[in-house]
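One chain, subunit A, links the two complexes that follow: it is found with subunit B in the first and with subunit C in the second.
Entry: the complex of A and B
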């Protein structure tokens, strides 16, 4: 198992470096030069050439890529000329808040989806099951900003239960944690989207597990239905969820862009959203790179977690 | 042992169970009566779908969705279970009435250590502490013969072999010393050798613990030696009931007769067709009027179609439900004979030749660089030959390498060493085009009729595909060929436009056989061709295969764990053990004069559908499990389970020695004296 983890970690690092290189290359092809973005009104051929020489953009592409990757390893993601700050500093500021928002949303989504999926499987084809399925599909097909707007309209503007936006008093991660009322709507918006797919998945894996003979044998032992579900069904039905959760981690980051900009929450999503509008290349690069790294680590963690939870899987 | 007359521990009267589906109601169990006394075993026999499992599940009201008891009474020592409150019934389940299911692989929770699974009912019903329950679990695991139970308590089910898992399931059932044990096909998923061990264990435990046992099975051989009384079920009804000896000697219902008659026995005359029951069991939603067996019964009259026969008899000890009862078992040789089969192999006829084939699957380990540390020795140097028109049977326990050998023959696996030659040409030396051409002559028939046919292809496309791949004939010629083959395997042409899921298991197996025949191969490898089928369907397919063998003269290799099946289809039989061929000879030699102790043990382990034979069988002939093919024992691989093993067996690997014309076996201490001297040459299968 240790050998497996070591091997996978090495592979993960190599993949992440590859992702960095590819991302740099892709952005280079999409047109629009960093010089134009940085110089703004002062942009002309001469200033651009000068700027490019100064910042190493005149070197061969391969060298640029190697430089970028080398710097990225040292956590240097370049300098945002638009914001006048190093990208690393900007990320460092926002990463904690985004991690809190994403993490809270993920936990909330799992807390709702897992019992809901099992309940739906147990009471399959009942009215409750159909209603839950209908709601899940509606949420699944709903864009994040639309759901967010509905929540703001009803819960904030009409009923005044929660504030409509995350106020200026929430700037640090700790403040975000200690202001649950302000954070409620962003977290719920982000969670609702994942609950939909998680609960569908949980329902089908619980249905598979329910049909197994060990559930029948558990009942034949005289266990209460509750004990059958918690002791025998839950762990087995959750196994496929682990992979799904691992894969959804980078997806949460994408969902953050809309949710954070909608609620004006200062996280990575908002940073990226602004950078996108300003063509702030170093930030865009760094954000894409983070997405890639999260995908790789999410997968790795899921594979290890499955092996820990399922004794039948031996990693070697 | 208490008879039917005395009060039983469990008394079931007039039990009826229905399953409500979305559009119909299935009458799964109808008016069933039986009683079982302490220490007594009642056998419940019938084909799948006859309601025997539903009867078992009804006892503890664990029916599938939509299932419920609609009438009758189930009394456990006077306590009525049919209308008992759910809470009170839970105190009965696993405590007073315990159940063993067929498939130990899916019946044990894969993510819970076995010790906890056995301790669970003890904690629940005995209200003892965790450590006390664990001690009890240890006790029962010891009782069911799990070796080194203390070290195994924290093992997970997948770490145990099938036989050991079944012992764990029995331990769970016995943990609370139940009064009634329901064993639903407890040995169907197991090898004969393991089956014999588990049945002996159940027998012993019943006697020691004085349980009333309901043994549910489709296998007349299993009930013959293990039951006091037998209920034969058909389409939800009990059609015949009597003491075991009496029912075998003087059965009265045509279904009982057919059930027994359709199993090939070890002394079956191979030139005769097997007794078959035509058709399939009826749909029970709703059941047909009159006698439910009438549609498949050769004796059915108009009365049978309209009037249901009551369960009566001359005396209360033998009841049957039939208007035109038969008298005793069917005379096996009265059946229609096949065309005379003379599949003898001419001297020097070597259509297919396997020479010293070796196939090992690597096991790897290592932190960064994967290196091979070990290998699973699936096939370790086997040489066999098949002559044209000849059928070679391969038998052995699961894991002995017989399927891998079959795959080597058809070219689905490549040997690591050794050769496979078809008509003198080495199959794996052929270039691409020639190899594809050679595949035409090597076809395979699979075990599982469900997963071996593409569900999205119509039968027509399934049968045409091999012709297209091999570019045989024009479209019209292909159609003609398809029509002919369909006729040969006994399928109507209307079936061509249908999809595999529209057919029954037996019909699908016919389609699988038709596909194998499409290219007129020289050799067909049939891997467990009938083990997924019900008894009555099994005999239909066996008859078909036998008929085609004779008519077409195709050489074949039949692989099966079922020795009776192999014997019925094969001219010569090879017995395999852990990747080695331990005995090879004609069917008669191998079955009637085996030289290898393993062969003898395998044959002794088969349950014979005759109570007098079964009850006088000695102790279990072979103990324990197959050793790991990663580390086969030194010398003779069978020595760890062999009663005759001596010092020499561990040191020197025995070579195949001749025991008569075409009869070889690899044993240092054989059951009979070898003929001539041991030649190393014999190991390379110059048997013939």
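Entry: the complex of A and C
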């Protein structure tokens, strides 16, 4: 078990370093010259060469990559010349709000998808099952912004239950937590898309578990159906959810960009969106790198958690 | 496979000869030729009602988007400030948008670009991924390790991020966006093909071909690719769906095709104001078209997967 975790961690670190190198190369090919962004009107051949020398951009590409990775490990992601602030400070400012939005959406998605999937499996091929599958399939094929627009139309503009976008009174993470009405639509939009993919897996996983002998045994020994479902089925059918949650990170990050720009919620997604409009490459580079690292970490934690939770797949 | 019906056995198919040919299956013990996997898969696919609906939706959209403009003439290049945001009526069946373009005509034009980009990107990703995966699986060893770690690395970077960053740099045409998406979505197909090749290469017919001295190239082209094709074909439909969604996200975030080229995501970029102003015709028709096309691709993909998957085959 320990050997497996160690091997898995080493592989993750190697992949993470590779991600950093690829992201740096990608931005190096696409991004404008950092000297041009830093110098502005004073940009010419001579000042640019001088600036590049001062800031290490005249070194070979490999050295630049190593430098960037070394700085990134120390949480130094460079400087956004367009915003006049260090990237780390900008990211740090918005990270809490994005973590809250994604976390709340993920928890809500799990709370809906797990009971829903089990109910669908228990009452399989009923009308309710077909309706739930159909709705999930539609949501799965729906872009996040279109769902958000539909929610805005019906719940905000027609019924006036929730505000149509996150107002200026939500600027800190704490304010986001204490304004559930303003946060309802962004969280539901992000959660609905996650539910769409989770519930399909939960249903098939619960169907597999229902056919197992331990469920038959639990029923045969006279256990109440409720206890069979919560104690035996739920726990076993939830195992694939661990992997799914780990794999859902890239989707959540992408969903954040869409949801935050649609609802004007000040988080990392909106920061990224603004950086795209301003061609602020240090921010794009840093957040893409963080997205990659989070994805690697998510996969790693999921692999380890599954091995811990399921004794059948302890690989040694 | 032992419980196949009589109609699956060539020789037992009643429609082949004259009505006088006995319709009974040959007696047991004879060597019988099974209907090919492709025919079984086709039949399985067509017996799936949702799949036929999905295919129908796709055919409808291809015809409507590419042939529709021949019958429904609209101006989609020069904006007309006199008729902006017009409600649906006799002259403009789905109203006009904020540039005065006819909305129905624009949905058709946007559908063309969405289908073109989806198809080109998926095709490119599939070709690259198939060759890459087949190479990794066949060569094996260190090369396989290196190639697949590279896939792991690229797969760890969220696709939307890469595509958005690249979209800031390159002018937005159908070709450039297909290239950007295609060049970064071959990773999943390459993994699938590699897995398929790893299981196929130890199968008897491949070993036999190898012993008979067939070249590496012939092994790939004649034996491995045709047999790994079902996985690839299933994946291509999902790739088209994902690419169309991705292109819609790009358009919505302001990196759609250069004006006046239409794209569905771009048309929904201003949808928030349209919703607030009550211009429903600028939001729901195009949004529903987008969902329908993506859903149809996913339906067809699911059905194809079931049709090719021998283990799932009923009977």
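We adopt the following convention: the second predicted complex is superposed on the first by the 277 of 316 C-alpha atoms of A that agree within 3 Å, B and C clash if a C-alpha of one lies under 4 Å from a C-alpha of the other, contacts with A are read in each partner's own complex, and residues count from 1 in each chain.
Everything that follows uses one rule, which is that a residue touches a chain if its C-beta (ideal position, glycine included) is under 8 Å from a C-beta of that chain, and two chains touch if they have at least 3 such contacts.
What you see is a predicted model; the values in this text were computed from it and never measured.
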| item | value |
| --- | --- |
| Contacts of A:179 with subunit B and subunit C, given as first, second, both or neither | neither |
| First (subunit B), second (subunit C), both or neither touched by A:296 | second |
| First, second, both or neither for A:3, with subunit B first and subunit C second | first |
| Contacts of A:253 with subunit B and subunit C, given as first, second, both or neither | second |
| First, second, both or neither for A:55, with subunit B first and subunit C second | neither |
| Subunit A residues touched - subunit C or subunit B, whichever exceeds | C |
| Overlap of the subunit B and subunit C footprints on subunit A, listed as residue numbers | none |
| Contact footprint of subunit A on subunit B as seen in their complex | 60, 62, 90-95, 98-99, 101, 103, 106-112, 120-121, 124-125, 156, 158, 169, 172, 364-368 |
| For the subunit A and subunit C complex, residues of the former touching the latter | 14-16, 18-19, 22-23, 26-27, 30-31, 137-138, 140-146, 149-150, 152-153, 157, 164, 250, 253-254, 257-258, 261-262, 272-273, 276-277, 279, 284, 287-288, 291-292, 295-296, 299 |
| Residues of subunit C defined as touching subunit A within the complex | 149-150, 152-154, 156-162, 164-166, 168-169, 241, 245, 248-249, 252-255, 265, 268, 271-272, 275-276, 283, 287, 290-291, 294-295, 298-299 |
| Subunit B-touching residues of subunit A, taken from the complex the two chains share | 2-3, 6-7, 10, 212-214, 216-224, 231-232, 235-236, 239, 309-312, 316 |
